[in-house]
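Two complexes are shown next, each including chain A; its partner changes from chain B in the first to chain C in the second.
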Partner chain A sequence: MSLTSRWEDFKTGMRPRLSEWRFMLKRMRQSNLAMAGLIIILCFIGIACLAPVLAPPPASNRGDPWIIPQDQTYLKMIGPNVPTPPTVQHVFGTTYYQYDIYYGCIWGTITAFRVGLTVVGISLIAGVIIGTIAAFYGGVIDEILMRFTDIILAFPGLVLSMAIVLAFPEAIPLNLSELFLGISAFFVLIFLGLKRDRTGAIWVAGFSVILVFSVLTYLYHPLILALNIGKLDKVLIALTLVSWPSYARLIRGEVLRVKNEDFVEASKASGSSDFRTITRHILPNSIYPVFIVATLDIGSVILTAAALAFIGIGSPPYFPDWGQIVSNSESVITNGVAIVHNFYTFFIPGMFIAMFVVGWNLLGDALRDVLDPMLRRR
Partner chain B sequence: MSQGDIVEVKDLEVKFYTYSGVVEALDGVNLFVREGEILGLVGETGSGKSVTSLAIMRLVPPPGIIEGGRIILRDSGKQQDTLTMSESSIRQIRGKDIAMIFQEPRAYLNPVYSVENQISEVMLVHRKEELYENSVASVQMRIIDGRKAVLEKQKAQLDKEKPEGEKEKAELAKRREAIEKKLGQQTTKPPSNNEIASYRRLLRAERYWPAERARQYQKKKAKLEKLRADVQKQKTALEQKKGTEGQMAKINKQKRALMTWSAHYDRQYAELMKLEPYQFNLGRGARIKGAIRVGAIRFPARFNRKRQFKAEVQKEVVKVLKSVEIPDPERVSRMYPHELSGGMAQRVVIAMALACNPRLLIADEPTTNLDVTVQAQILNLVKTLKKNLGSAILYITHDLGVVAQSCDRVSVMYAGNVVETADVFETFSNPLHPYTRALLESIPRPGEPFKSIPGIVPSLINPLKGCRFHDRCSYAQEQCLTMKPKFLEVKPDHYVACHLYGGS
Partner chain C sequence: MLVFVLVGVTILVFIVTMLFPIDTRALLYVHGNIHDVPKAIADAIVKYNLKAPFYVQYWGWLSQLLHGNLGWSITSNQMVITSIATKWPYTFEIVLFAAPLIIFIGIYLGVQSAIHRNGPIDQVSRLLSIVGWSLPSFFVGLLLLAVFAGVLHWFPYGGSMTMSWTTFMGNPKNHFVHYTGVDLIDGLLNGRPALTLDVIWHCVLPVITVVTIDVALLIRVMRSSMLETMSKPYITTARAKGLSNKVVIYKHARRNALIPVATLSGMLVAGLLTGLIITETVFGFGGLGQQVVRAIENLDIPFIMAYTVLTALLFVIANLIVDIMYAYIDPRIRLD
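Right after this comes the complex of A and B.
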């Protein structure tokens, strides 16, 4: 098979998909708001990619870009509580403790993408799995899973994520001996019970070695690993735990709709397993609304993270995070005059947050117009 | 009810536990489908035709439960009761041994997949191993053919040669013998990947590459000669130039540059002259079109299993689409369900059902939602399929015209019972059960007033005791009210469940 014939095959295979994408792009180009959203997001992606060029970390950071540089001369001359307005040296000025706002805003873009994409990505996957299982099997499984999501949905998201962040320890001691013991015992039992042939015996032997090893270490010298959890990681975990139920609810409704379609019955009648039916027939017909909501959610996740940071339970004060910079400005806007005077300390990072959220919202709206079969008209 | 039956349903009971009560949808259904026949299952709406077919597949939707009875599947002397099977083994039967065609073809096709994907989906569930082996075998066949072609070509070349001395003659004979020996081994042993590579190398070396090398050699030689001449010309031109000191310095600089260039070209030319034309190195990435082509047979460049497999599945899909008489199957296989017409969609659904060569095809009112002309086409298709594939068909319908035209035998259902089963001619000419008679009389005929069966189909939540037809039956007797008639063979191959014919 030569390269050209391969390319031809690929092209014929991709033709419907390509025409679909072209149609989507055309629809997006027709709407100014969608294009605005796309451009805003692309700008932010550009800023994130070019961060080391736009704001090179100073030598005093010793290779760690995740510390906002402080202006030491200002700190000595003026002190920590008086911010300095924008100058050539500090384009957006400096804030509390003379942290450079420009640096924080540029590197904060990466933090924003990290928070938004991680939280939405993980909670989307978890929500889709849980919601699909609940809807497809129904009955008791549905009741258990959905009551569990209801419990989480019953609390306001911000309050619950605050509680989770505060309750989460700085480090989790992980007893590896215990872990390996449990896992290997589980697999030994599984293989002894289910796979009684030669390969099964090999697996049993392998896991038995691990089992003996872990029992010995458990008795004489337990292997304990301390999992350090950074402040931002805590926020990520908390936001993920809070935001998956909405996806689970959404996909559940969609799957309940699609489940009763005739082609699902046809798939069952042709002997497909449940997994195959779900992945091949149900999810492709029900996942798009979830993608739309996820796009819209990236903005709102950033807002929640900023709120957490403003309350003071987000990242540490030196960390380049937009919410954190706004939070830092809290102590320099103590009265009305100071608010007017030092507006740049909260206005500029606030604008970054706002633009980011607006960008994702516009993009999400555009995606809905493009993907929703009810709204799209050829 | 004999050994020739593919599927035998015995006293099947299905109940639906709904809020308003227990619906006794099937109450002792007896049915049997023989090998290679079309059995028509007729009855009014709500008589349990579709539930019967779903129960055979064990796909009765909740809250329905199969309460009793047996569904026996016979496969070359082997008997299986599908009702006692595990879920995973019934899944092996669904789609493979028993397949289904549905009433609304458009709704039974997944809108996000092309026709090809829909059909290959079914194939991948049951025939993955078989198709994979086929694909591997087809690749091996191609390799063997390719190798044969190569060897025959070599042999032909040998034949062309005219040896002079005795020694050369012996040498040639030896080589021919070796080739013939290899040719003899072809059919038994598939070649290894190493061998393919070596044959490809041989092919290139023997046939295509030397000419190309010589061509490239001449090209390069001409190019270098031209460059050298150019440089020489420039050199002489510069030597004739004269000027001030500053200009001379510039000219000298240019001269030095020319000297280095000419030395470079000379070196390259000398290296080229050392080589014979066929030794010229084409460099990495050199590619000649058709280098691995031998006649019409093409060597697979690499053993790409996944790709071969895909091609095999595509081939099979096109074959199935051809078998349901779809025009231009290659084009249709790339279409999406919304692009198909109703008849075409029904053909695709039939193709999906036929993808694994089922032994029993259940057609659940496949023509009800189609135009009359398309309906006729589909009916003819079903008949030809029966003839070609030899699989039995359970044809569910409420159209007696369709039954008369296409079926071999008929089973008539009423309110969750099969009341009569007989040959199609027998049923139409000599119906025994009062319900069948009434049904046949109610077929509209031109110039005659409409006749209908008095009364309505009974509710199945609290069904009548005894014979379920007794309140609409003009022959009802005392025992019809209390006793359920048995399903008996009253004439050869004519089964009736009625007290009139000794069903008590």
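Right after this comes the complex of A and C.
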């Protein structure tokens, strides 16, 4: 088949999908709430992009933007234990250790995007892969993978991520040989259990080579990589470990619904590989609910991260992170009368968190109305 | 299936505990009143074979767990299990008010906004649920504290009861008996309704915080479930039979729409009972949730691990109860 005819094929194949997208965009534009959400998110993207202009990192921190400037004059005059109200110099005031709230809020936007997108992105990919494999192949693989998600889902997210953050060491010696050994053994087992055709054999052979190689390196000279894990990275890891099972569950249900449809049978009968059947026929028909949940989840991941920061296991005090800014002044604001005087220390970063989450939730809510075939054409 | 999850939960928690240094882990095994902590740790390492491989240690830990020994908590200076038992009643006081409010408001607003779809009630309750779902709970709590305690002085700044009642209860001359450990009920049982009122007064703001946050999800689920049910053929049939709108909505639709809400409510109540970590910290309520935060601040690992395992167990049990409850709500399941 020549390249041009393939391209023509692709275009005709894509036509219904394109019109589908156009329909969705039209529906999105009609909904006020969706547009409000989109505008909020765009504002935050703007803040994140313009952060170096809006709040230039001071020279005193040697240009490191991830340290909130600390007001040294206040520190000498007032001491660290009293937050100072907004002035011209500090538009939003300063926190408990005289960290500038304005700077923290602006740069915290980048942190928020980083936390939300990383956690949701990685857990979405992991969840979709695991859930699809479980549903498509069924049997023992399904049992094992789903029981594993059951176990993680038995915990409240905040509690398990709390325990993981606390337990995770600052630096881990990552044994690469061990890691490759584990991964390749997993895939060899999986592909052995699958359809035993030519592609399957190639995969098994490929992973077996890696397996043998990693066994050899493991025995003779383990490759060990010392990884330094920052406080925020720990939060990211914990939240990812906690949130992938819900995606796996969701996509599994959707794939189970689709996998016995006629078009899947047709694809299998015409000799497509499992990989092609899954990526071209099953996933496009089952992935939308996952996207809706993912959009809504970005908000709730930020909330959990903020809650972790508030109870004192987030990033270090100087780090620009919204939850951490509130947490810095926690001992003052939860202590009676002072809460009124120190209103700004929790209200401003709190509003940033709330607006960010509202934006994603409005968008996710609208996406649900647009993408959910049960609700939309009414 | 249930057993599998329970065993899995303990294995997972054990893996997490194995990440801690050996001295910290030793505290998990210590029991009885200890005075010399370093010596107790050294003894525990030898006695429970803490240098052995993973699977050997797991059995030792599990048998301790099954005997109800969850280790020694440094922060509360007592056994973890005793510490949890003394802190839990405070959490229970909040949940006692919050849980029914959440369930009733959630179901009511969900149904109303579904039957008046796109009407003013729907718009307002949708906005409320989105905003409630988007606010960090510490933000709501602190805001309420600032407005209602700081500015208006209607409610106290926090705590679970006025200081004078704490001293009153502590004084042996007053013969205050802790029948249940829940001050709210003990006040009535001791013939001190003023104490009960005082506790309720302290509960108001935490309860509002919890309700604002948690009712949002219930409204959303109830609304979408109700909308789905309303489009079912049997609703059309019911209308065609000439039944009144009220009967169709409340007898036919709502009852069927409640099924997914039941699961959610079960998990919600289980979640509330395991401690309101943020809310209790903001209001200094002194329940299980606040104790957890204190444990985190002082790296009291045995308490945190015990708490983690207990919450998971409670969730699994709540799931089981919800499954049983289904049979009452949904007659189709009983027939199977």
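Worth a mention:
In the analysis below, the second predicted complex is superposed on the first by the 302 of 378 C-alpha atoms of A that agree within 3 Å, B and C clash if a C-alpha of one lies under 4 Å from a C-alpha of the other, contacts with A are read in each partner's own complex, and residues count from 1 in each chain.
Note that a residue touches a chain if its C-beta (ideal position, glycine included) is under 8 Å from a C-beta of that chain, and two chains touch if they have at least 3 such contacts.
As the structure is a prediction and not an experimental result, all values here were calculated from the model.
Overlay on chain A: chain B and chain C fit together in the combined arrangement.
Legend: residue contacts after superposition of the two complexes on their common chain; A:333 is shown touching chain C, with no touch to chain B. Touch criterion met: A:299 reaches chain C, while chain B stays clear of it.
Legend: residue contacts after superposition of the two complexes on their common chain; A:313 is shown touching chain C, with no touch to chain B. Looking at the shared chain after the overlay, A:155 reaches chain C, while chain B stays out of its contact range. In the superposed model, A:353 makes contact with chain C only, not with chain B. When chain A is checked against chain B and against chain C, the one touching more of its residues turns out to be C.
In the overlay built on the shared chain, the residue A:343 is in contact with chain C alone; chain B does not reach it. Of the two partner chains placed by superposition, only chain C is touched by A:168; chain B is not.
Once you line the two complexes up on chain A, you'll see the smallest CA to CA distance from chain B to chain C is 15 Å. No residue of chain A lies in contact with both chain B in one complex and chain C in the other. Those residues of chain B that touch chain A in the complex are listed here as 57, 59, 91-96, 99-100, 102, 104, 107-114, 121-122, 125-126, 300-302, 304, 307, 334, 336, 349, 352-353, 355.
Of all residues in chain A, those touching chain B in their complex are 1-2, 12, 16, 261-263, 265-273, 276, 280-281, 284-285. Those residues of chain C lying in contact with chain A across their complex are 4-5, 8-9, 11-13, 16-17, 19-20, 126, 130-131, 133-139, 142-143, 145-146, 149-151, 157-158, 227-228, 271, 274, 277-278, 281-282, 284, 292-293, 296-297, 299, 301, 304-305, 307-308, 311-312, 315-316, 319. Chain A meets chain C in the complex at residues 33, 147-148, 150-152, 154-156, 158-160, 162-164, 166-169, 299, 303, 306-307, 310-313, 323, 326, 333-334, 336-337, 339-340, 343, 346-347, 350, 353-354, 357-358, 361-362, 365, 374-375.
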